[in-house]
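What follows is a group of structures, each given as structure tokens.
One chain, chain A, appears in both complexes that follow, with chain B as partner in the first and chain C in the second.
Moving on to the complex of A and B:
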């Protein structure tokens, strides 16, 4: 480890500690926004660990997130299982699912991968609704705990710490280097001895694990779990848009997109709630046309240009 | 144990793309430290043969073995780890990485592995060797076509392969660069690397190859020393057409 590496770890720890202090100062309204931001920070950052270097755009986040929330709801309502036991079971189930999906999608690339992941999330949502309607009765699933928003927020900050630490490690590991090579040219990657399938599945599984863990941890916030809600495809799109808006080139890129976009969404939902989908669409167009490498990528380009012109 | 000099054995290999037979029942052997040329008109199956050896394509029939062990059912990353490295006919560099990272890419996962400071050190020596010294942190996209070819060679050499596949690596070089390229390949051979090259540049074939194989329409039509093969009437016919 170089001194630069250690410095990054120290800075990361300080910022996370500060983030953990938010509940001390925030009131109910801002606590709720902070919770949303924490949730999307974890989702977008872990999404970018896989999709950033490889450019495989996954729209399956909602599938794993939904499995997390739905299993916690089912376990607690139908089987009287304890909340924390269900968090463990739900995130394990999400991990296994992500592993299987990763294996199944190995041969797909580009737009086929995108469509498959979107279709998969929808299929799981429909399947779960169908099972619920036909076999388990259409009873609602309740997640009743004594956890408040501040508690859930702290849990998510801890998961964020885990994700950032994992990302920091991956960037310095052979796995991270392999992912960058795969993102550049998968054919070359195979021909320099990289087991591309293995590397991709490992990272895809990790991001699936994180998404299902977040789904499970956030469940107490909603109290009432409904498949159409937790498996909502909009969640997958928002995660992608936030990560791309910030920039996936760096570990802390996604949060640069998450914070402004979450605030914007909050404002739109409060004032013009009919237009929230429209805002999603416009944001997507803006990113594709004007910020292909995200806000951070744009800043870095400008910075590099300025340095060159002062020579 | 007596050291066998046979490194690569291709036996009765056939590759079909639908109804087209790209490689037809081809067999040849390559001995240790040999430079073997594969020549033939365009579309005769040379690059397909390279792709079959490196595992980029799966063969339909036949076997390929490296040091007596079958590699023809392995995937390309496994074949690379056994010690076969290659360059591509259409240069494939890693555009978003620096030159140093491009060279390192070849040595982190392959045949002989290095990582960290040691890998950086070896990679910079390799860049020096192929003529790209002092440009380690330059992005690979900044290179000219010829320098990209050098970079690709550095990446292929990075894991100290036993067998190196060069797919038209000398194509498009000017006379000075061609001579440098030929000298470089000579020096690789002196280090004990076995080389199979697909080439159209006849001067290179004559000065580099111990043996060459001539392909036409997927089949072998001649094999032997370059001088003999290139004066074979059959070979002249496929290259220049029939006498009228």
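Moving on to the complex of A and C:
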């Protein structure tokens, strides 16, 4: 570990500790926005851990998130299980699912992978609704806990710490090195003896685990869990937009996109809720045509240019 | 029997839609994820014109087709062509075009929601018609016939005209067809426009017997992709068979188990194909 590495850790810890202090100053409205931001920060950062280096656009976030939220709901309403037990079970189930999906799909690339992951959430959603309609009878599930938004927020900050630590470690490990080579040229990676499938499955599973954990932790916020809500494909797209908007080149890139986009969405939903889909579309187009490497990538380019011109 | 015929009728329209996407992906090499929204646009146009002026959806296709051709041509020329030029490799182009066409899809959904946010309900030729002693809705049969007609016309164009031959050449190899003097960018734009026009006409046909709304486009994109992957990219014969299979399976699942599970069934087929025959039903294994 070099001194630079340690410095990054210290800075990260300080910033996270500051983030954990938000509930002390924020009132109800801002607390709720901070919670949304925390949720998307965790989701898009863990998304970028896998999709950033590999350029595989995964739309499976909603599937894992939904599994997490839904299992917590079922466990608590239908089986009277304790909340924390269900959180553990839900995140384990999400991890197993992600591992299986990873094994099945990572030989695919490009469009096949995108559609596969997009369809996954849709399929689980229709299956779950079908099972509920025909066998269990109840469509809505209640998650009643005495956790407030501030408690959930603290949980999410802790998960964020875990994700950032994992990302920091991966970037310095053989695994991260392997991922960068895979991202540059998968053929080369295979020829120098990297087990590409293994590396990809590990990271995909990790991001699936995080998404299902977030789904489980955020469930008490909604109180009432419904399959059409937790498996909403829109969530996957928002996560992709936020991560790409910020830039996936660096570990802290996604949060640069999360904060402004979450605020924008909050504003649009409050004032022009009919246009939220249109905004998503425009965001995608802006990213592709104007910010192909995210806001961070654009800034880094400008800095690099300025440095060269002052030489 | 009832299930088989209904399934085949549905499959016919699916085949037409997949034909459109195949033209776009096979020739212009852009996977158009806004494909489903083109279908919904066709349906919206049919609904709109039918409700306002009681003009038959079949005639609407005559208006919709050239508009959609031109619109898709513009999309290719001004939005997608720059991506093709900027891409350093096939992988980057793929990622860019996925994101760009998703963006277009969302933008189109947003626009369509603001035009008409409800279901596109209208009733056209909802009359009984008898085949082999069982009754079917006339609109499904008419839609099937027109899908076959359009598909046949397209096939004739592809196989018996000079431009059609050039289009097929580009789909075999972009570089080689450039070398023999084919204007690849121009032809790609034409194929993309034509594919879009065919898809939109498919949407108009579908809307005569299925009620759509602004947000279902992505479901149809998935179905068209499933058909193309099942049939093998660029393989028209395979796509037709795949579309008929999808139509049959969906109808069977809807009738025998639960209408809510059709999408799950389509997806299950997709997974099986990807795992066991990723090269498509009739494709050969890449060596």
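Throughout what follows, the second predicted complex is superposed on the first by the 310 of 311 C-alpha atoms of A that agree within 3 Å, B and C clash if a C-alpha of one lies under 4 Å from a C-alpha of the other, contacts with A are read in each partner's own complex, and residues count from 1 in each chain.
Operating definition for what follows: contacts are C-beta pairs under 8 Å (C-beta built on N, C-alpha and C of every residue); 3 or more make two chains touch, one makes a residue touch a chain.
Small disclaimer: the values here were computed from a predicted structure and weren't measured.
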Requested in this report: Applying the touch criterion given at the start, work out whether A:302 contacts chain B, chain C, both or neither, answering first, second, both or neither.
Outcome: neither
**Report entry** Contacts of A:228 with chain B and chain C, given as first, second, both or neither
**Finding:** neither
Query raised in the report: Given the touch rule stated above, what does A:122 touch, chain B (first), chain C (second), both, or neither?
Result: second
Requested in this report: Mind working out whether A:191 is in touch with chain B, chain C, both or neither, as first, second, both or neither?
Outcome: first
Query - First, second, both or neither for A:288, with chain B first and chain C second - result: second
Query - Per-residue contact with chain A, leading partner among chain C and chain B - result: C
Report task. Based on the superposed arrangement, let me know which partner A:177 touches: chain B (first), chain C (second), both, or neither? Result -> first
Query raised in the report: Across the complex, what residues on chain B touch chain A?
Result: 54-56, 75-77, 80-81, 85-86, 88, 92, 94-97, 101, 104-106, 108-111, 115, 155, 158-159
Query raised in the report: What does chain A use to touch chain B in their complex?
Result: 174, 177-178, 180-181, 183-185, 187-196
**Report entry** Residues of chain C that touch chain A when the two form their complex
**Finding:** 31, 33, 82-83, 91-92, 94-96, 98-100, 102-111, 113-114, 117, 215, 218-219, 222, 225-226, 229, 258, 260-261, 263-264, 267-268, 270-271, 274-275, 278
Query raised in the report: Okay, in this complex, where on chain A does chain C touch?
Result: 55, 57, 104-105, 107-112, 114-116, 118-120, 122-123, 126-127, 129-130, 133-134, 233, 237, 244, 274-285, 287-289, 292
